[in-house]
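Two complexes, one shared chain (chain A), two partners (chain B, chain C).
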Partner chain A sequence: MTAFLINLATLAAISGILASTLNFIVGYAGIFSVAHAVFFGLGAYGGAQVALLLVPNPFLACLVAAVIAGGLSLCLALPALRVRGEYFVAASLGLQMVAATLFAELKPLTGGIGGLVGIPRPEILGTIVPVLPLALAALALILWATARLQRGTFGRTLQSIRDADSAAESLGKNVNAAKTLAVVFACAGAGVAGALYALHLSFINVESFTLDQSIQIMAMVIIGGAGTLWGPLVGAVLLLSLPAVISFIPFIPPTEVGAVQQIIYGTAMTLLMIFRPAGLLGDMSKGKSTA
Partner chain B sequence: MTGIALRSENLSRSFGGVQAVAGVSLSLPEGQVTALVGPNGAGKTTTFNLITGNLRADSGTAEIRGKPIMGLKPWQVARLGVARSYQDLRLFTHMTVRENVLAATETSSWFWQPGGRRAQQQREHRAESAMEATGLTALADARAVDLAYAERKFLSMARILAAEADIWLLDEPASGLDLSSRIRFGTLLKDAQARGVAICLIEHNLDVVVELSNRIAFLDQGKVLAEGDPQTILKDPALAAIYFGDRPQEAA
Partner chain C sequence: MLFLQLLLNGLQTGAIYALTAAGFALIFGATKIFHVAHGTAFTIAGYVFLFAWGAGWPSWLGVLASIAAAMVFGIVMERLVYRPIQRHEGSFFTVFVAAFGVSIVVQNIIGMIAGRGFATVDTPLSFSAEILPEIFVAPMLWISLATAGVLFVALTLFLTRHPAGVALRALAQNPDLIRTYGLSSNGLSVLAFAIGSALAAPAAIVTAMTTGLNEAIGHHVMLISIAATIVGGIGSLRGAALAGMMLGIAESLALTVVDTQWAEAVSFLVLFGFIIFRPAGIFGVTQTR
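So, the complex of A and B:
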């Protein structure tokens, strides 16, 4: 039972990082990306390769993962940032599809469909350490950085771009540069989450980095409350805990858990959008018409 | 007070088969208000968009105090001292009044602004001054989306004031304002004029034009048909016919 809870807490912390970093671009900059799992995957493969080929040092794995995910987000974000709104969603969807295919096909780097196995446990100074404290520390660091950026001038710049990018630009803000910085920061964070995920599970494959994962991360942000500091974390914990809670309900046959979970997801999402469109911790007035 | 802050020569732009702007040449003198007047579709807002880099011109040039600005991006033009307002205001709706105005003082796109604490205090002071000048101090913590229409208009002006630009391009800034608000708006413009700001105003309310502008450029079908002092231009019967839609029919 303890191992189960530690596993759940570790995955919740990693999901919290993913949701918080996606929230940074969705909630503050208004960039609706459905490709966050790509950068999660890039970090996971990068961190795993560091552990497999070099040394299972979690700090080095996370650093390499952040550089790879952040760096590649720069190359891929620049053309995509030329489009906005639903066009950006479509562009990021295309990126997600291409990346998932590459993850499955680039066997020397990703292990292909079979993935990478036998990723060593993380070690610090020769001692094997659990991933949970590392994931919690990374989550705390990312929440702190997000809060600092959100309350500072960069947060104001992103919010001004989200609300009226042409007006922000006519006030002297280099909109593309600010958006790119936000995307790099968010994707580097997703890369760190990926490295921790790989070190935690010791096995990764493309199944964890598909469109389903991107949508689940987006759901965490929306359910918790986009544009809030704690909302995405609440959304991550809720969405990760739900399957575990359902599996403990005695009168639901184990074979029906998946179906019940889908029904609960669907009903909860519908009710949430009706009664709290801005998410559980979101600003209630945001989801309502102001006409 | 007599220098030319912004000058454009033969600006042209077409959309498909429609010639929206056809060789517009404009000069905006420092400390003067120039009104762009003309019927809907005359090319007034498109001219603004060409100057500010929101649209690329098919041909023509524009310069700010001798520095060419064609081909620059809107944020680069803004950093040369050009501020503009929009017909639809484009406020940062979910930000407070103070945040809207502060945002106008922060042009760096990096994670932080240059200049440290001292520069930050100066920016905050500029924002407070702009809110005071526009009568928005009491509403500093209200969100833009919750403001009344006239207050939104003044918030748009507060952002321009805080930006400390010396060329203002204002797109129908007085439309929908009641008399007392228009008087406040006029005071803002006259104060800016006294500081040497070059102002270009698109306005359909001819009373506002007569009261506030020093000169008028009359546009129709993408061309400047006439330029001069307001009384002369507005008394021209041919221009009045065009403005009020009573355009003389061309011979078949």
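So, the complex of A and C:
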């Protein structure tokens, strides 16, 4: 039971990182990316390769993951500078589909469909450490950074870009630089989450980095409340505990648990958008411009 | 010879893509709603036909049932999901998430009822015959090309000649002026959803008879429709249909260079290129978005 709870807590912390970093670009900068799982995946493969080929040092794995995901996030920043709204969603959908194919096909780097197996446990100074404290520390760091950035000049600039980018530009804000920085920060965070995920499970494959995963992260942000600090975290915990709760309901056959879970969160997404578009923790008056 | 064979296969895929993309483009052009559940209308239509076929209904009845199911789905989406959201002035992203939620729900319900994995309708129409040395063509190719052609001509005539069609084009250009002329923009947007969704049904039936359906095919259809609409130029039906055809052919011809699993990626590389270098698409007017 404790092992089950520790596993759930670790996955919740990792999802919390993913949801918080996605919220940073969706909620504050108005960049609606449905390609977050791509950067989660890049980090996971990067971190896993560091652990497999070099040393299973979690800090090095996270650093490499953040550099790879942050660097390649320019693929997402480029369309974000060019287009907005539906066009950007379409571009990020395209990026997600191409990346999933790449993950499945680049066998030397990603192990193909079979994935990477036997990723060593993380070690610090020769002792094996569990991933949970590392994930919690990373989550705390990202929440702290988000809160700081949100209140500072950078966050204000982003919010002004979200609401009216030409107005922000006319006030002398460098819109392109701010958007790019926001995307790099968010994607590097997703990369760290990926490295922790790989070290925690010791096994990764492309299944975890597909469009479904991107939509699930998006659902966490939307259900919790985009543009709030704690909303995405609440959404992550809710969506992750859903399968556990469903498996305790006796009349659902175990083979259908996944489908029932998806139906519940699909319904929740639709109903929330109709009746409470700002999410559970969102401010209704502000929500209209945010979500 | 391989090239010609792939070109013919591409034409068939392209006809399917052109029909679904034209439906999506019609809805998006007239109502400005980014209908990401369009692929779901396709899935529902396909499975209704599959069940009708399985139950031994005559095929014309199955076709009618499938078209009706797609239309009902489109109208229900407009009335129960998009209308309430637009009433409180939700942004495009609210609409996107709500529609995506619906598509997840329908996909899983279909998976639970019909079972997961590919299902096909077996018909002699999809048996290939050798028409030229090493070129195999099934009657379905001609049927799907003819269907796409006839429907597209009918749609063009409707939009240019029929008063309701002209009103739909007017709605696309200036919704406020429509109201000034005493036309109901609500009624017209229901009409756009009905016609747009109905266009997905023939494509779904052709797919069910050839490559087969699975419960997740709606995602793929939706993505292709979005890609074709953007590549063709938002607001241009002709552009969307042409781009759908081009994407189908490109996916097929790409097989001379790469393996099958890359086919979908080809479409998205084209889309990505257009978004970065020519966001207005082939026929689109440059808009600031």
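Here is the rule we go by: the second predicted complex is superposed on the first by the 269 of 291 C-alpha atoms of A that agree within 3 Å, B and C clash if a C-alpha of one lies under 4 Å from a C-alpha of the other, contacts with A are read in each partner's own complex, and residues count from 1 in each chain.
As a working rule, a residue touches a chain if its C-beta (ideal position, glycine included) is under 8 Å from a C-beta of that chain, and two chains touch if they have at least 3 such contacts.
Note that the structure is a prediction, hence the values are computed from the model and not measured.
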Touching partner for A:Y265 - first (chain B), second (chain C), both, neither: second
Chain B versus chain C as contact partner of A:E207, first or second or both or neither: neither
When both partners are placed on the shared chain, which of chain B and chain C touches more of chain A: C
Chain B versus chain C as contact partner of A:A178, first or second or both or neither: first
Partner chain(s) touched by A:T157 [first = chain B, second = chain C, both, neither]: first
Contacts of A:A168 with chain B and chain C, given as first, second, both or neither: first
Parts of chain B lying in touch with chain A, wherever the complex brings them together: 52, 54, 73-75, 78-79, 83-84, 86, 90-95, 99-100, 102-104, 106-113, 145-146, 159, 163
Complex contact set, residues of chain A against chain C: 32, 78-79, 82-87, 89-91, 93-95, 97-98, 101-102, 104-105, 211, 215, 218-219, 222, 256, 259-260, 262-263, 265-271, 273-274, 277, 288-289, 291
Chain C residues touching chain A - in the complex, by the definition given at the top: 34, 81, 84-85, 88-105, 107-109, 111-112, 219, 223, 226-227, 230, 261-262, 264-265, 268-269, 271-272, 275-276, 279, 289
Complex contact set, residues of chain A against chain B: 149, 152-154, 156-157, 159-160, 162-164, 166-175, 177-178, 181, 283, 285-286, 290
